[in-house]
Every structure is written in C-alpha cells, then in structure tokens.
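Each chain carries a letter (A, B, C, D, E and F) given by its place in the written order, and its residues are counted from 1.
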Amino acid sequence: MTKNQVLRFGLPKGSLQDATLEKMAKAGWNISVSSRSYIPYVDDDELAIRMIRAQEISRYVEHGYLDCGITGYDWIEENGSKVHEVGEFQFSKVTRQPTRWVLAVPEESPIKSVKDLKGKRIATEVVNLTKKYLRKHGVKAEVEFSWGATEVKAHELVDAIVEITETGSSLRANKLRIVDTLLLSTPRLIANQDAWKNEWKRRKIETLALLLKGALEAESKVGLKMNIAQKNLDNLLKNLPALRNPTISNLSQNGWVAVETIIDEHVVRELIPALKAAGAEGIIEYPLNKVVY
Amino acid sequence: MTKNQVLRFGLPKGSLQDATLEKMAKAGWNISVSSRSYIPYVDDDELAIRMIRAQEISRYVEHGYLDCGITGYDWIEENGSKVHEVGEFQFSKVTRQPTRWVLAVPEESPIKSVKDLKGKRIATEVVNLTKKYLRKHGVKAEVEFSWGATEVKAHELVDAIVEITETGSSLRANKLRIVDTLLLSTPRLIANQDAWKNEWKRRKIETLALLLKGALEAESKVGLKMNIAQKNLDNLLKNLPALRNPTISNLSQNGWVAVETIIDEHVVRELIPALKAAGAEGIIEYPLNKVVY
Amino acid sequence: MTKNQVLRFGLPKGSLQDATLEKMAKAGWNISVSSRSYIPYVDDDELAIRMIRAQEISRYVEHGYLDCGITGYDWIEENGSKVHEVGEFQFSKVTRQPTRWVLAVPEESPIKSVKDLKGKRIATEVVNLTKKYLRKHGVKAEVEFSWGATEVKAHELVDAIVEITETGSSLRANKLRIVDTLLLSTPRLIANQDAWKNEWKRRKIETLALLLKGALEAESKVGLKMNIAQKNLDNLLKNLPALRNPTISNLSQNGWVAVETIIDEHVVRELIPALKAAGAEGIIEYPLNKVVY
Amino acid sequence: MTKNQVLRFGLPKGSLQDATLEKMAKAGWNISVSSRSYIPYVDDDELAIRMIRAQEISRYVEHGYLDCGITGYDWIEENGSKVHEVGEFQFSKVTRQPTRWVLAVPEESPIKSVKDLKGKRIATEVVNLTKKYLRKHGVKAEVEFSWGATEVKAHELVDAIVEITETGSSLRANKLRIVDTLLLSTPRLIANQDAWKNEWKRRKIETLALLLKGALEAESKVGLKMNIAQKNLDNLLKNLPALRNPTISNLSQNGWVAVETIIDEHVVRELIPALKAAGAEGIIEYPLNKVVY
Amino acid sequence: MTKNQVLRFGLPKGSLQDATLEKMAKAGWNISVSSRSYIPYVDDDELAIRMIRAQEISRYVEHGYLDCGITGYDWIEENGSKVHEVGEFQFSKVTRQPTRWVLAVPEESPIKSVKDLKGKRIATEVVNLTKKYLRKHGVKAEVEFSWGATEVKAHELVDAIVEITETGSSLRANKLRIVDTLLLSTPRLIANQDAWKNEWKRRKIETLALLLKGALEAESKVGLKMNIAQKNLDNLLKNLPALRNPTISNLSQNGWVAVETIIDEHVVRELIPALKAAGAEGIIEYPLNKVVY
Amino acid sequence: MTKNQVLRFGLPKGSLQDATLEKMAKAGWNISVSSRSYIPYVDDDELAIRMIRAQEISRYVEHGYLDCGITGYDWIEENGSKVHEVGEFQFSKVTRQPTRWVLAVPEESPIKSVKDLKGKRIATEVVNLTKKYLRKHGVKAEVEFSWGATEVKAHELVDAIVEITETGSSLRANKLRIVDTLLLSTPRLIANQDAWKNEWKRRKIETLALLLKGALEAESKVGLKMNIAQKNLDNLLKNLPALRNPTISNLSQNGWVAVETIIDEHVVRELIPALKAAGAEGIIEYPLNKVVY
C-alpha cells in the first residue's frame, strides 16, 4: 500500500443519507457533510467520499468515476449497470423489509392484472424497469416519466403508476390498489469491475464490508450475562437453544459460573422469563457496537 | 397460545408519548407511530397498540376495548375506573418524582386551607377528584371543568384551581401559592379484570411488566469492571458495600482477579475515587439495557 | 464535610454549552437549564452551577465569585486572570484539535508577516492577546474591538483581523489568508486560588476532574472481547501490540480463553481483520461510559 | 365618560386567535399578546382584553366577568348562555362559510339516520348540543365527552361522533360519512345583559362593532377609479349596475370626468373587461382599510 | 355560458408555486392548496385548478387534460409542446429578469466555446434543449439527464453542464464559468389549441390574462396625489414628463387644483424632491392593486 | 453627477436589521442580503450598502470608510464619534418610544440612587457611557464590560448593571429595579463630515432622509374620503379639527362635495362615529405608502 492510494466511495444523497452515514460511523468511519463543500470529510486518508443521488451511483461506479458505492438494487437494475456486487445490507431498522416497486391503480379501476394495461398510459420514476416488465408480459402500453407526486396522478392524469412503497400505507391513503409487484430492492455495496481486480482496492472494500456487516449485525443483537449454579447449567443450556455457544467462566464462589452470550435482541423478551425460571440470577443485558463471528 | 391471540394495549398519546415509546423500545418492543395511520406498528404479532389520551385509557381498559394500558394513577382515580393495577413505573429520568395535583390560589389570596373554599368556585381538569376531596373535608364549593390554561384563571375568573405540577415552578411563575396536595400520581400498568383472568393474556402482561421493569432498572444503573490483586480483594469488598454481590473471575495472571458488578449510576462519582484508593486498576464503566434480578 | 458546603462551578454559556452539559452528564452530573430560571438544576447538593459566557468565566473565578469553572485557555489569557489550572479537556469529538486564533488578511493583501502590520488597523475580539502579540514582535499597530462578523471586515474596513478558527474553512470561504497563529486554545478546568487551598473544595474539584477525564477518555475507546484457543494466544498478543494489557479469563471449555481489552476506537477498523486472521472467534465490540486507569 | 371606565372584552384563544387579532388591528385596536404576561396590551385605555378559550367565553360574559366577547354561536348554545348578541361576523376569508357540527359514522356503518343511533355510543366535544339533538328526535343514546382526535374513535371505540367540519375533507380522509348536520356556527359579538344597559359600555361596544364591521366590509371591497368621456358616462352607468352610486368629479380636460366607486372585490374580474369595452381608460384598483356606509 | 362550463387551469407546483398563487390572488382569484387534498379550492365555479410540476404542465395542456396553464418558456420548448401562447408574465419582483439556461464548465476547464464540447459528456435537466443546441452548432456530444445537484457534477463527473441561473452567483460559488446561453425563459400563459378555438374558454382565458397583467402592472406602480396652485401647474407638467397624463381636478379652494397620476415606483425617489421644488404640497403616495390602461 | 459616484451607506446588522430593510423598501430602495455574499444588493447604482453591527457604524462613518449610516444615538455617544447628524427616525411601530439605558439593581438592593454606587462593581455593554455618567455624579465605581446576559449578573456577580430596555418588562421579569435613566436613544441617520461637505453626496443623503421620513410618516397615517352635502360641510369642518386641511372637490351631483384628508390612524376609531353623526356618507379609509408635506 502506497501512501497515495485512495478508494473513491459513493454514498447515497437524500432520503438514505442519514441512515448511511450513521452506519458508516458505527462501522468506524466518521463522515461529516458540510454545506460549504460538496466533498465530505472522512477520518481515513485512504477514502474519498462522494454523496450522490441513489439513482445515479451505479452509473458512476460502472464508468469508473467511483471505485465502489452503496445504492439500491432497484437503481442498479433501472440503469442496467454492469458492476460487481460485494454484498447486501439492510439499513432500515424498523421493518427490515425490502422496498417494493409496485404497479398501482385507483381502487375502483377496472384494471385487475398487467394484461389490462394494454394501450394504457403509466407514470413512473423507473421507466426502464416498467418497460422491461411490460415486455416480459407481452403488453404494449405507454410509459411516461413522472417527476414526483406520482400517486396523485393515478386518479385522473394516467391509468396506472409504478411506485415505490414500504408498507403500502401511502398508497392506501391515496385510495390506490396494488395490482402487482415488479421488484424487491435492498441496499447493495457495489464495486467497479476493474477496481475489484486491483488487490489494494479489493482488500479495502472487503474491510469496509466486514465492518459494516459487523455494525449492522450488532444492531439486532445484545450481550446477555447471568450467574447460575453449576448444577443447573446443563439444564439451562439444553432447554434454551437460543443461548448458542456461550462463554462460561468460573467464578471464585464455589459451585457458580458466569454465562455470557450474544443473542438476537428480539428473542430477549421471551428468553429472560425463561432464564429466570431456569435459575439464572443477576441477568443483565448490554448494548453492542459490532459483532464479527 | 394460538396464533391468533392478540393483546390490545393502550399507550398514552401526547406529553407522555415519547417517553413511553422510548421505554417500550428499551423493554424490547419497537413501536412506530405514523401520521398517516392511527394504528401504530409494533414488531410483535401478539400485540395491538393503540395511542389514546392518558385521560381516557382507564375508561377503555375498564370497558374491555383494551386489555391493558399505561396511564397515570390520577386519571384512573378521576375516572373511577375498576381495573387491575399490575405495577407502578416512573418514566421521567430527571427528577424521578411523582406528579402532584395541588390546590392553588393567588399569592395574595385570603384562602389558607381547604376550609376557606366554602362557597367558592374552583376550576380544574379533574372535576371528580376535586369534588371527592371537598366531600372528604366537608366543604361545599362549586367545581367547574377547565379546558386548559387553568393557571391563568386563578387570578380573576375563579377563586382557586386544582392543577398538576412537578416542581411547582410553573405555579410560582404565575404567582400562585399551593394550599394543599390532593393526589400524588405515577404511571401505572393496568389490566382489564377479565383479561387478567385469561391465562394467556395475563402471562403476556406479566412479561411486559417484567421487561419494562428491567429496562427502567437499567436506566439508573451501570456496569463496573476492574482488576485487583488478590491480596487487596477482601479489603476492597469489606470497605465498599456499594460493590454488592460482585462477580469475581480468575485471571490468567497469577494473583489477580477481575471484579465486575452492577451499581447505581449516582454512586459512581463517589465510588471511583475510592476504588482507585483501594488499589483497583483499569476501571471501566459501561452502559446497560436491562437489569433483572 | 459539612452539610452546607457548596462548590460554585461556572460553565460556558453559548456555543460550548451543549457539549459541556453532555460531558458533565457522562461524568455523572445531570444538569438541566431552564428558560424560567437562570440557576440550573444539578443533581448534587454540593454543587451550584452558573452558566456564564466563556469570555467572562476566568474573571469571576479570579475574583472568587466562582470556586471553579470551565473555559478556554484563550479567554484566561485575554483576561490575564490569575487562577489555578486543574486540567485540560478536549470536548469536540470530530477533530479533537485545539481552536486557533490566527492573524488573517485578504488573499491578495501585500501583508505577508507580522512585520507588515506596522501602522495598520486590526479588528478582533481579543484585543489584549493581539496587543501582546504585537509587542512581542515589536510592531506598532492600531487594534480595535470587533463586535462580530469580523471576517467580513478584513476586506475593506480594516487591514487585518485576529479571529478564531478550527479548520480554516470559514476563513477560506471568506477569501482570507492565514498569516500567523497567535494562540492554540483548549478547554480548561480552572480554580480560584483560595478555593484550591481549601481541602474540601480541592477534593471536590479533583473528583470532578477525575470523572470528566474518565468520561472523555471513554469517548474515544471501546471494549473488545473475543475467544481464542490457548495455543494461539501467545502469537496473538505478540503480533498485536494494540491489545495492550488484556484481561484473560479461563473458559470452562478446555483449551480456550476469553480475551478482553479496552482500545482506541480508531484502530478497531484495522484490528478486527487482523484478529480474525490470528484465529479469534466471536469478536464483539461494546461501548464504554468511563475509563479510569 | 370618566377616566377610569374600562370595558372588559374577551377574545378567543387558540385557533381563532390570530384571525381575531388581525381584524381588531384593522378596526383600529392594536393588541399584543406576550408570552410573559397573560394580559394582552391594547392601545386603548378604555379596553381590558382577555384571551380565553372560545368554549368558555360565553360563560364568563353571562356571569359578568367580561362585559363582552367574541365567540362562536356553537359554544353559546352548548353552554346555554343568556347573553345579548350584538352582531355576527365572519372572519375566515377563504370560504366565508359557517362551520358545521355534523353527526358522522364510518363509511361502511349501517347507521343511516339519527333514528339508527338508538342504544349506541356517541363521542363528541359538544355533549349538550348532541343530547339536545337526540331529545329533539326522541332517540335515546349514550353521549360521551371526547378529549380530541374524535375522528379516529369512530372506527372502533364508539358508534358515531359529532364533530366540527368546514369542508368535510378531514372527515372523508378518515373514511367517515356525514349523516346529519346539527348546527351551523359563525363568530358573534356578545354582551353581558347588564353591561348592555350601561350607557357608556353600550356606546363603546357599538363603536367596536361599527369599526369591526367597517374593517370586515373593506376586506371584500376595493376602490376603483377610471376616466371616461362625458358622452359615454350615461351608457356606462346604465349598463353596469355594479358601479353603484359612484363619485363623479370634473376633470380640467373638457368633456372628461373621473368616476370613482367602491365595489365587491369578487366582481372586479368581470367588471374590468366590461369597463374597457364601455370606453373607460386608466382604470386603477386600490386597496381599502375600512368602508362605512 | 352554461352553468356547467369549467376551464381546467394548471399552475406550477414547487418553487414557483407561492409566487403564482400570490399573483392569482392579486388578479382576483383566491386559491387555497390543502395538504389533505390535491385539488386546490378556488373561489370561481368556472375554474378547476390543478397544481402540477412546471416541467409537466405544457404536456398536459397539449394533450387536453388541461385547457390552459402557466409554465416557463423553457419547459414548453424542452417538451416541444404544441400549444397556443397567450401571454408572457414576469413574476419575480427583485430582478425582473428572465431566468437563463447556460452552458457552464469549471473555471479552469479548457472548454471555451460550444465547439470544444465535441466528444464530451454534458449533464442537464433539459436534455432536449441541449441536444437541439448541439445540433444547431453541429457538435456531437453525449447528453445525460441529471436528477439534480447538477452544478456539483461539473467538477469531476461530467465535462460540462447546462443549468438554470438567475444572477450567476450560484454558478460562481461553485467555481463554474459560463460558456454560452442557450435560452432565456419567462413564465407564459399557454392554452390548448382546441380550447383556444372554443369561444367561452377563450374569453375566460383572455379575462384571466387581462387581470393578471393588471395585477403585475400594479406591482411596479404607485398612485401619487398632490395639491398645487393653478399658476404653477403648467410649469410642473412641462418639466416633469414622468407625470404622464395626470387627472387634474378642481378644488373648492380658488386657484388650487389636485393632481393625481400613476407612476413607476422606481422613479418616485427622484420625483418627490422635484415635485416639492416645483411647489407641490401635501404629496401622498398610495399602493395599487391593479392598473389597466 | 458622474456615472461613477457612489454613496457608501452603513445599515445596522442584527436585531434592527429587518426593520431597517423594511423601512428602506418603503422609502423606495429594495435591498437584498444574501448569505453567500457580504455585500447586499440594492437597486440603485449610486448606493453601496454595508451591513455592520450598530455598535460599530459610527466609528466607520467617522473614519470615512462609510459616507453615512443608520445607528442608535446610544452607540454614537458610547463611541464618542464626531459625525454630522442628519435626522432622527423611529422604527419600532408598537410603542414608538425611544429605548432607554438604565441603571438597575435587584429589587431588594439597598442601592437607591447613583450616590450609593460608590465602590461598587457595575456590568454593562456601554462602558464609556457608564463611566461618563459616574463622573458627572462624582461617584467612583468599577465598571466592567459585559458580553451579554447582563440582567442575570445583577443578582450575584455584580452590584448593579446598566442595560437597555424598552418597556422595563424584561427587567421586572428578572426582579430588577430601575434606579436611574442614563440615556434615551433613537435611530439616527449620520454622515461623515467630509461627505456632508461634498455637494453630490449631501444631496443624495438628503433625498434618502426625505423619503425615509415620508415612509415613516405614512406608517401612522391613513387616507380618509367621504361624501357630504354642501350645506353640512361647514359644520363638519368646524366641529372636527382632526380634518385638518382637507381637499374638497366638487361632485357632478348638485349640492354634494367629496372631502378627502390624511389623518393619524389612531384617531380614526373616534372620528368615524363622529363623521357619521355629522352627515358624512360612504366613508372609506385607505392605506398610504408615503406622506410628504
């Protein structure tokens, strides 16, 4: 590694920006975006960060302006970009479900399936995905690019829309009905194909991926510690498979051991009552920054 | 437990809302309230959350629209609701003191005690509590419901008010004097009486209570670890009773042990200097999510 | 210690206020500043907090109105205050660099060094520091107090300015060039000289300093734990000097030990890949509240 | 009129507050509400302003705490207050339509008319109006007071609601159907019956009413001026009855006159094209502060 | 005109929205846009308002979904829409200059004229305008659609941009140099070609245009009145040509006349001193709503 | 006047900024302050505007960096600046009273007059004004510069303060008592003494002053028009001296005249009822931009 080597890394500007910067900080890279400069500061001389619209990142990674970047699978497909996919990440904590691009029509529309779109007009931000979808089903229809407020148009300006949704509630609020799902999308770390062949860049990208994974993994996990009498230990471990692979250390008090493990946060609420029942004492749960197996 | 069983759980909307949702998240249930839908999302299929004004929750728990809920003791009493009280919680970190409903009058008012209220007019949001208080003291006075800004009325529209206060500073700022305290109130977890008799519902409510307690307990506690020479250990433990029931593990380095314990955060600032004096090294304090004894 | 003893502690109002209160909370003292009262609440009967402009704190500590306070080294020097300096702290996480007072001129100005200031006019908030600097270099120039927006004046109202900067970006944005640095400044805990001689007050101030140090230390550190086979341990420790002084505990599983240590957060991103390579398993990183050696 | 006479005037706090203060300013009384004091400042020594919830004003006017006040007809009726109504005002510029209290149910509810409410539960902020309405129709039903977010309750907590609406859009957004209208309401200036008999107070109230009317009148009117040849004047006036009662002044230029009139703003957009067609020149429209016939 | 005739009128959503609604209100049509409904309210039964992105309006006017609309000349051209242009308006008060679409490059770029673009890559929101411009100059270059933050891309992602600017200051702040201007654009009122042939619709559109013009005209004009002795009048009028075509009315006081005129606001600051010098007294300036010659 | 002549005009930055820019706009100069540039735009090539702290303007006018400026009388005195005062203006509409610099002490302080300050410590932003005041009364006391929050210091850090106040309410809220008034201050237009001797600059400054006066005058005045029968006119004018110097024009309707006048806004509410009583009809009030006698 020479002193001057730098990896150009594109992060998504806009709605995903705050979540992405927060995950990067958890992984160990502090980035600060200034309103005065379009080049963010990062506390790593080997990285050059660029904030770019999610829609455009894959294009710039493909062309080599960026060595790698984080963007959605949807926009990689919409742009038809030829890039190396390093890994998949899920940033949104609440639901941890992929976003969906769906075909939607007004509740009272006669359109019931993609076949009914023949000769109709569709508004969407993802024109290419929509055309590909229509071709796959052998349907000819007009697809027009929508600059926003797409949901509102479905009621009188066009016949159908293809729009993004997480839970569908925004569509329902606009009295729209989902006809079909075109694509499920999650954030991806992608690399330029030449950058991926460069040994130094590849190692750097893999380190980023390892620590991002470790930070995301830690978000849904917690540490759990408890004391238990030696005689109850076997029973505890046998009946509680969630206590996978615990660290058991001897205590100076005879006949007692400390059990420590890392578990999914969402099983804690069922596990703690069971642990108490099995004889565990002094149960504590503590937060984690990273988990790397 | 069948797949379809659901516990209907009411949480207080308004000033207590953020604190309540934060505690629920610490306990292990992530709830998100959308402006588009009045039904919050919770990551537990067995729970149905409803956000309802604190004033109304006990009523809906009593009637069975809700199986259980969190609300203040004051509103349970004001509504005279017949419900089962599962437990008491204290949510506000800063003072950890109950809220008080007080009888207040202008600083210069001749009213010195409840007896002086005879024939007077009182404005309050808690009409029933106030009437009950007057009956208890055998005083006849007019009680009228106030829609808000009650403190301001005491100076000319009515003779006295019954109002909520935490530290009394808002009353003092309005140049009011506290005459008496009617009620101290803290948040309570309450259950519908039939729901409490249902085995599945009761177990679910008890789990909620156990983990909420564990999360609240952890807020005022921290973990403390240090290394100490074996020969100094007895002295350390004898002189520092705050180190209640520590976990002592052997280190591979001969003659040294690791001491780990959970203590009240507010004693840390006195304990750490004392630990150093007793020979402890490498003292670290770390945060906790839950503490269950 | 008598019940009535109180230490009067001044904290900086304004731009440093939020950072200071956050550090105090991490150290163990919760302070709440109310808009209704100018006396902040603190959960320690032995402390009386006053929020005062950073510019004025050293003056009031010197006069004895305050027993101690936190302020910048720059204002201690500007005021020429005779106080005891207890310790130095660095509050700003991002850069952790001292603030600098610099002499700056327009990019195209002919002024290249302090010598060129002869007979010129300089605007600044730190009139005394600037005069002292000029005297040191034997330069006679006019120094005038600036009430703010100093950077803007350098282009036409005066010939040069002495202004504060962290990264220099604000100066560059105003097309100014740095000619020289007058002073580097960091936050300091200072004490009144008589208070420092009083045994009770000195002990209290030292406790504050110890715990503030512990909290600041913890901000740049994390806890790291991992399991490793006994046979790989020596190799691990020899090749990874960052694992300074780890706690090694025996596991009940034969041939395996748990290694735990406290390290600088910024080396984690290089250390974790190396630990994996050396055979470590189940690596977890966890956050710390305080670290006291 | 003695120097000390003062009229106590109640204005509605909350959603109507800003509109009310703006109208009072247009009428000639500048009122400023300070967050520091609950007594607003008004630039007239003969007035004492009180900001009070619209719900409560009629009660305090009836009791004589206030000499007069502005509130909605709905709350006068809900409170059953015996007061003298001085005049009706309409403050909301956009629609200039009264607010409506309506009975609403979920879109899919079987309730089609008031008769279907028998034995049902209704939530509302106007309990008395609702009970009166049920009595009028001979229907027995349970009416409960709602603290807010009433619309949301109609879907599962109660069977129907009585709620305020202007355009019905908020009800539709909540998927509610209007079953019946209970009351139309507009703002009223009301006076205490004794105050109305006091000569000085009555004159003061009438002056307030006159100038408020003048200011409201001016909001929907504009001044219009134009020049026209004398020979075309008769034709202009005959064919454009909207030019009611114009002021016609002689110009120094022979054979031309200036025509000036006050007209409703909303006819301007039709009138100006017609004026041009009739030979008017140099048409200008100017704003008005007050119009008093 | 039948009762049911309605003109569908599209107004630009987004950055021009507030200015447009304000001008419409001055012209005589009050429109209120609700966050709950996408159909704005307008106080004219013969109009149906739709808020649509400026970029899309000409498309919907061309297709006949809208009868007419207000949008920029730039987007009419970009869309190549075949519509009837009714008139040109200028909404922005401060500069009253058209917006410009310019070709810009980094300050230090070797590109000096459109010819240098050969084989380069250009990012822009107006892909068609840019391609047309290149064709006109016989230059082959790659044009790509930019989703925003175009200025930032010029420094490394592309070779040049085509971007909108009013004063050029945003481009300079981004260290870009303007190479050429492609298009000057002002807001236009456009009509669908069939709607323009319909007599009722055309009359309605012409009325809208007349009153919008009248309202815009009034923004830069004021009314001026003064009294002057008859003997000084000729001299006043001869020397002050700005007093174009004044209305002169006789006063009851012998030998004095009132002079009234409408003038450009920006000459007032020079005219008033001159009027005083010429003997005018009691000069007042008053605001105007509309001016129609 | 040559094309290149420019008047350098300083306006106060900070709390007075918005009011000042609004008055300048009413006077006829539109100024826009951009966050990107410290030089504001003004629509007059002969003016160069600079926004500078009110505290510093008189200094820069005295030195000739500025030709003229608007600042408070207080800061002219504090700086002891030798400048030509062109005129006095009052910008704050609500009270139209000068700001006062007062000597204030805690309510319960034994200090009753300036004489009691002997040997005390006083905090203030106006050190020179305070020292001059003490000298005038032959009192020796320590005066220290306060960087802000001065009111809070009076309770324990110093013995008295000299602080600015408009109505005294902020002092009362801090439980301070006013002992004496040092200075009343209003905004002033000041000129550099050489600039005032330059004919072109002086004329430009006088034009600015004339139109600012005209705009301020118009703020408290309105236009009033009415029609009245000729026979009632004398009576009207005799009994209503507020109708000073009206313009009376003949109407074409025999026996009627139009009366028009400019009056103080605050007498309108008493005048209109009187006018009606005297037989006036069709009374209208309209707003004014400028009034120049």
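Structural remarks
Please note the rule applied: contacts are C-beta pairs under 8 Å (C-beta built on N, C-alpha and C of every residue); 3 or more make two chains touch, one makes a residue touch a chain.
Here the structure is a predicted model, which is why all the values come from computation and not from measurement.
Both subunit A and subunit B are touched by C.
Shared contact partners of subunit A and subunit D comprise B, E.
Comparing mean CA positions across the assembly, the chain most remote from subunit A is F.
Taken over every residue number at the interface, the positions common to subunit D and subunit F amount to under half, indicating a different-residue contact.
Rounded to a whole number, the gap between the C-alpha centres of subunit B and subunit E is 59 angstrom.
One finds 36 Å separating the Cα centroids of subunit D and subunit E. With centres defined as mean CA coordinates, subunit E is found 45 Å away from subunit A. The set of subunit D residues touching two or more other chains comprises 249-250, 286-287. Judged by the touch criterion defined above, the protein chains form a pattern that is neither an open path, a ring nor a star, and not fully connected either. The set of touching chain pairs reads A-B, A-C, A-E, B-C, B-D, C-F, D-E, D-F, E-F, using the touch definition from the header.
Subunit F makes touch with subunit C in their complex at residues 13, 38, 52-53, 55-56, 59-60, 65, 144, 146-149, 152, 155-157, 174. Within the complex formed with subunit D, the subunit E residues making contact are 27-30, 32, 34, 36-37, 41, 43-44, 206-207, 210-211, 214, 218, 223, 245, 247-250, 257, 262, 286-293.
Those residues of subunit E lying in contact with subunit F across their complex are 94, 169-170, 173, 222, 227, 249-253, 258, 265-266, 268-270, 272-273, 276, 281-287.
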